[in-house]
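Pasting the structures here.
Here come two complexes built around subunit A, the first alongside subunit B, the second alongside subunit C.
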Partner chain A sequence: MQLSDGFEGKLMPAGATAGAAVPTPLRGTAKYLPLRKALNRAAPYVFIAPAAIITTLALAYPMLQSVWLSFRDWSLGTPLGQSRFVGLANYEWLLHDPNFWASAAVTLTFAFAVVVVEVLLGVMLAILLDRELRFVSLFRTIFILPMMVAPIVVGLVWRYMYNEQFGTFAHLLKALGFAPVPWLSSPKLALISVIIADVWQWTPFIFILSLAALQSLPASALEAARIDGATHWQMVWHIKVPLMMPVIAVAALLRLIDAFKVLEVIYILTEGGPGLSTEIMSLHIYKTAFVSQQLGQAAALSNMLLLIVLALTVIFAALTAVRQRREKLAAARR
Partner chain B sequence: MPSIQIKGLQKRFGALSVIDGLDLDMADKEFTVLVGPSGCGKSTTLRMVAGLEDASGGEIWIGNREVSRLDPKDRDIAMVFQDYALYPHMDVARNMSFALRLARYPKAEIDARVTRVAELLSISHLLSRKPRELSGGQRQRVAMGRALVKDASVFLFDEPLSNLDAKLRSQMRAELALMRKRVEKNMIYVTHDQIEAMTLGDRIVVMHGGKIQQQGSPSDLYRRPANLFVAGFIGSPPMNVLRGELSEAGGRLCVRGSGFDLALPDQRGAALAGRRDRAVIVGLRPSSIRSGATQDGASSLSVNIRLAEYVGAHSVLIADCGGEAVTIEVNSESPFASEGAAQFWVEPESIHLFDPVTEAAI
Partner chain C sequence: MITRRDGLKGMTAAALSTALWPSASRANPYTRFKGTTLVVNFPAHPHYDAVKKVLPQFTAETGIKVELDELQYMRMHDKQLLEMSKPGGGDYDLIAYVVFWKSEYANKGLIEELGPLFQKEGLALPDYDFSDLIPGYVENIGLVGGPKGYLAGPGAKLYGVPFGAETSVLGYRKDIFEKHGLKVPENYSELETLLTKIPELEKGMGALSSRGQTGAMVTHAYALHLNPLGSRFFDSNWQPTFNNPRGVQAATLLKKIIDTGPEGGASFGFDDMKNAFLQGRSAMFLDSIAVAGEADDPAKSKIAGKVGWAVHPYGVRRSSQSGGFGIAIPKNAANKEAAFLLMQWLTSKKADQAIAAAGGSPSRMSTYRDADLQARYPQYKVFAEALLYADPDWRPIINEWNELAGSVIGVALGDIVTGQKSPQAALDDIVPRVKAIMERGGYYASNGSR
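So, the complex of A and B:
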């Protein structure tokens, strides 16, 4: 969980050597020195600038627009100019709207469930397949495939498989003599079914990142552990997993952020139903905007979603910082 | 007692045969050094003893157990790696205690052992640091400490000093020599540095091309190299190699070539009888070449000095003898022209002779 760790460490010495390399030939022309130094110091910012500018434009403009919109009452199909300023009315509305709270709960449940399951499965698969056996590379390729399928297609395929009359699971259960399961029509099961589909598609993401992390572990440390008497699983638990942790943490965070924005698969599988049982926030926003045609309210909703994701990221960063601080303190105290 | 025996050890990587029938006996508490040029199979041999690499054939005995099919953890060994192989996420104390914690030793005993070994290696003040917060030399000590804490009966070292700079290396070498006196264990030490081998080893095993060239005490190898390879590998600066011919002049045995005519000890006459008037390879240690001429003129080495390298107490002369390069070590006090022709002689007892075909010592 050391996101920022390597970067500072690497940038500093590079800048330092660049500065140190200059003086000797320029000593005679001392007045140019400050300029040189300034240029050197500015170099990183110059390189970052194009990306920063594009990101700011592409990110800030829609975001500000959406904030502005969330203070107005604007129906779809009417000119934007006729929209009314309504102050905080949209936010007041959504805080009193039980549907908002329901979809927030669904979103949180969905996001945390998929991330936990995907991380556990992905890391376990990577550990199992991190060896040189025949067919292993074939398996690795197969496991990565779901990630490459377009979400719309994933939704359609799973919708077919879940179908209660002629779906794949229905056939299987029937053949085995079990009663049919209302995968998508039961409010209790629907969210689980949706979670399963997402796990199917995104476990490979954790899997390939974990596998890459595993294969770049220091080989001699693993050999040292073997000599120190670690069994296969002790090695996994005491050496491999801790050393993979920074990669796993970042992968999990990326998945979490992504899980908050998922739309297509759920839209196709359940359209948020039955009832509101699978209506995650992005779907709720979509419906508010294009079914209820309340663009101002939809903007307020999406700002709330943004705030939630932002809060999670900040919490994550804070946890990392606190942990690092505590480690440093502990080291200093001893 | 755990002496180590290796019988007919083989290792193949696919079609490539790296070790081909290696036999080695090590007495209990002996410090054995495997030395040889890069790629000769030292690490592979050591890793087979450790169990990190499966042997393709042969047996490895530690004490009265055949271990070549056992897991590393069941062989009662400890190992120090070239790149230290510390666990990056554990502090020094946890690195050192990892094996004991896995073996579920009581905490008090673990602490006691770690403390004792840390004191032995003067790393007590580093116990709460992570490996990345240590210097190369400190990491090296921690790696050593991790091996010592285990109290295994066999210690394996794979070039443990080769990542250190020259000064630190000689310092650590001295410390290793001291530690090895206090820790009475079987140790197998791999290096390609013959000075490390000479200073540390009870027994040196010189390897080349997957085969043992010679084994014995450091002075054995220095004084009686079994073949030209060992002669050239052990000793610094390396032995001079000249082509010559055996002959007998006036009842005295000597070896002649362009620029030299060196007397041999009389007692070698019998052994060399069959080789009279035949070609031989002459090996001369730079330190056994003396300046001046003998009274009887029976032994002479005429060279043309090209360069004198002042090292301190002695100087190394780079010279030319009948078209071949010769290095000579002389006392810096004695007056020497740094260039030009000069006369030397060689003590008869210190002349090495080798067969030009088999390269074995005669």
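So, the complex of A and C:
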């Protein structure tokens, strides 16, 4: 719907309502109009069809397969045809499984902690580096480097740094005369260690998006504020941050969704331990599928994770919509 | 590019192989497969590091090429399952597997039964001498279908050959023990006394290096003590027994071992545990003999020449680990016969000695008795004795073991060693889940036997 309107809108003179007026360039060919119009309307769908079909297949097939699988009992390495239909048993198991609830709690803690810290740090860094300094482009490049490192490598690097016997931090603490810290072997600290590694890797993501947002802010607003005598901090608080908000919100949402799916770094760092203290949902799914080999249960778990992420996205989108409407109303009132 | 020199090398190798082949009159079984490439899946593990040094010799002798897919050993399982369950044929011709996967692979029909192959004329090597393979290893690594599903006895069939099999031994720092006049522990009470004593005597040094990582790793460490202290994971009717008083005693001891061991023990996998000992962070080691080769290699170990070995301490009975790796041929392998030749070659007397000389773990009694190797590795005498106590029922080798050890028992033990829960409570808490898994597997259906 939207696409077709947009397409037609381009052909129409400003102010015309869709479908009401005949576009100027076509005047005089009124005889062919219905067909032409129909073709024009169809064109965007035709163009988009191949991509839409592929996406649907690539997205819908595995999703439907996963839903189907979640009603079955299938062990890895046996033919799929031998799997048994078990109805909702996998979901029932999941709701009664203490490990599921433990991993859900870990996932929520992890996701919210990393998103909050990353957004704060990323925005702060962006505001700090949004100016003409010497070597500023060098700093910017350095700051986004962690994001380019493969997750497995990030996991290994941090694992070695955290190593309590030979690691970088162990040496540093020892040199400064402090006791060694059980970074990965204490259930209380392990999750924090994992969060630090994630923050290190993904703050740059928020940073570059915020920086881009900052640099595309309307100069007029900033200029007006300056003329009105706003201080630097006032400009940051009252002009820059509110104007960046839509971008920050989207970036935070992307990070949140990603944080729910993170696997590699934690897999390498702690493999979910000690106990279940860092067993995030995606790792729990992996273990259910490949260690316990309960593919049906793993599928049920994946579907739950999908639902949670979907719910979050919907809530977030709704909040954004509400806020935007409120802003529009406020603007209209002014 | 093949140079003249390579050509010459090939010719020399060919000449050598005919010379090494004893009966010139009999057809050389390898000839048919010259030029074949076998794909093998081996773990990154001290034994297989030694194997890698010897493998080129196989290609030189037989003209069969070997492509090695090397993986961290706990990661091999999913890859192998996926490859071996491909209907059209998988990538692997020969796989190394951890002992507790044997029942699963055999029961799911993923690996070949070896009995018929060993009887095939022209394929079975005449001088192989199967009976020389360490019997405890053959039972533990190779047999499926006997009593309890994994022990020797009626119904048992051979699915794999031990290769990199192992038992547990106690390694200790001779220098530290001499310095403080300590006695090498012969039983568990002596061992327990040393746990608190050593960190007091040697500041900054842990007593005993142990695995502690949540999941399969900490379960392995627990089994090392559970069995000699007189308990098992299950009784003969598959009812959980790990939470009985002796099981709790083993878990309590394990926590003490981690607490008095090198820092970070609760996150140690096999490699971390090994490195802690090899880097001099602990005075004792109680795990696989596979580490012995590296312990005396100055390139990998700071304690080369300072390590003494003893049999696994006595609890209320002798029971040392039985485990490690075997090799098997996937049902969907492309070159089964050539793979069977490689399997025999690798575990032949000659290769077994060559691999032992390169630091690997022997699979044959004759290798342990070899005078040259005994002179080179004085610990072989201790190891040969330790093998007598290798306990084939050390852990249940059933399909469900991966899940039990990885996601249930190993998680409770993780909570115990990090002090989250008391041993008794943590072990009691998981009994219902363990029973549910066993119930699902059908172990309680027909009088407990399966």
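Keep in mind that, in the parts below, the second predicted complex is superposed on the first by the 292 of 334 C-alpha atoms of A that agree within 3 Å, B and C clash if a C-alpha of one lies under 4 Å from a C-alpha of the other, contacts with A are read in each partner's own complex, and residues count from 1 in each chain.
The rule is short, and it goes like this: a contact is a pair of C-beta atoms (placed from the backbone, for glycine too) under 8 Å apart; a residue touches a chain by one contact, two chains touch by 3 or more.
All figures in this text were calculated on a predicted structure; none of them were measured in a lab.
Contacts of A:L276 after superposition: subunit C is touched, whereas subunit B is not reached.
Once the two complexes are overlaid on the shared chain, A:S186 sits against subunit C while remaining clear of subunit B. Of the two partner chains placed around the shared chain by superposition, neither subunit B nor subunit C is touched by A:G296.
By the touch criterion defined above, A:G155 lies against neither subunit B nor subunit C after alignment on the C-alpha atoms of chain A. Within the superposed three-chain arrangement, the count of touched residues of subunit A is higher for C, of the candidates subunit B and subunit C.
By the touch criterion defined above, A:G229 lies against subunit B but remains apart from subunit C after alignment on the C-alpha atoms of chain A.
By the document's definition of touching, of the two partners only subunit B reaches A:A221; subunit C does not. Applying the stated contact rule after C-alpha superposition, one finds that A:G122 touches neither subunit B nor subunit C. By the document's definition of touching, neither partner reaches A:P204: not subunit B, not subunit C. With the contact threshold set out at the top, not one residue of subunit A is in contact with subunit B in one structure and with subunit C in the other.
Partner subunit B is touched in their complex by these residues of subunit A: 218, 220-221, 223-231, 234, 238-239, 242-243, 245, 330-331, 334. Remark: subunit C residues 77-78, 81-82, 84-85, 104-105, 108, 110, 212-215, 262-268, 276, 279, 281, 399, 402-403, 406-407, 411, 414-415, 417-418, 420 touch subunit A in the complex.
Residues of subunit A that touch subunit C in their complex: 75-79, 99, 163-166, 170, 180, 182-187, 190, 270-276, 287-288, 290-294. For subunit B in complex with subunit A, the touching residues are 50-52, 71-73, 77-79, 81-89, 91, 98-99, 102-103, 127-130, 146, 150.
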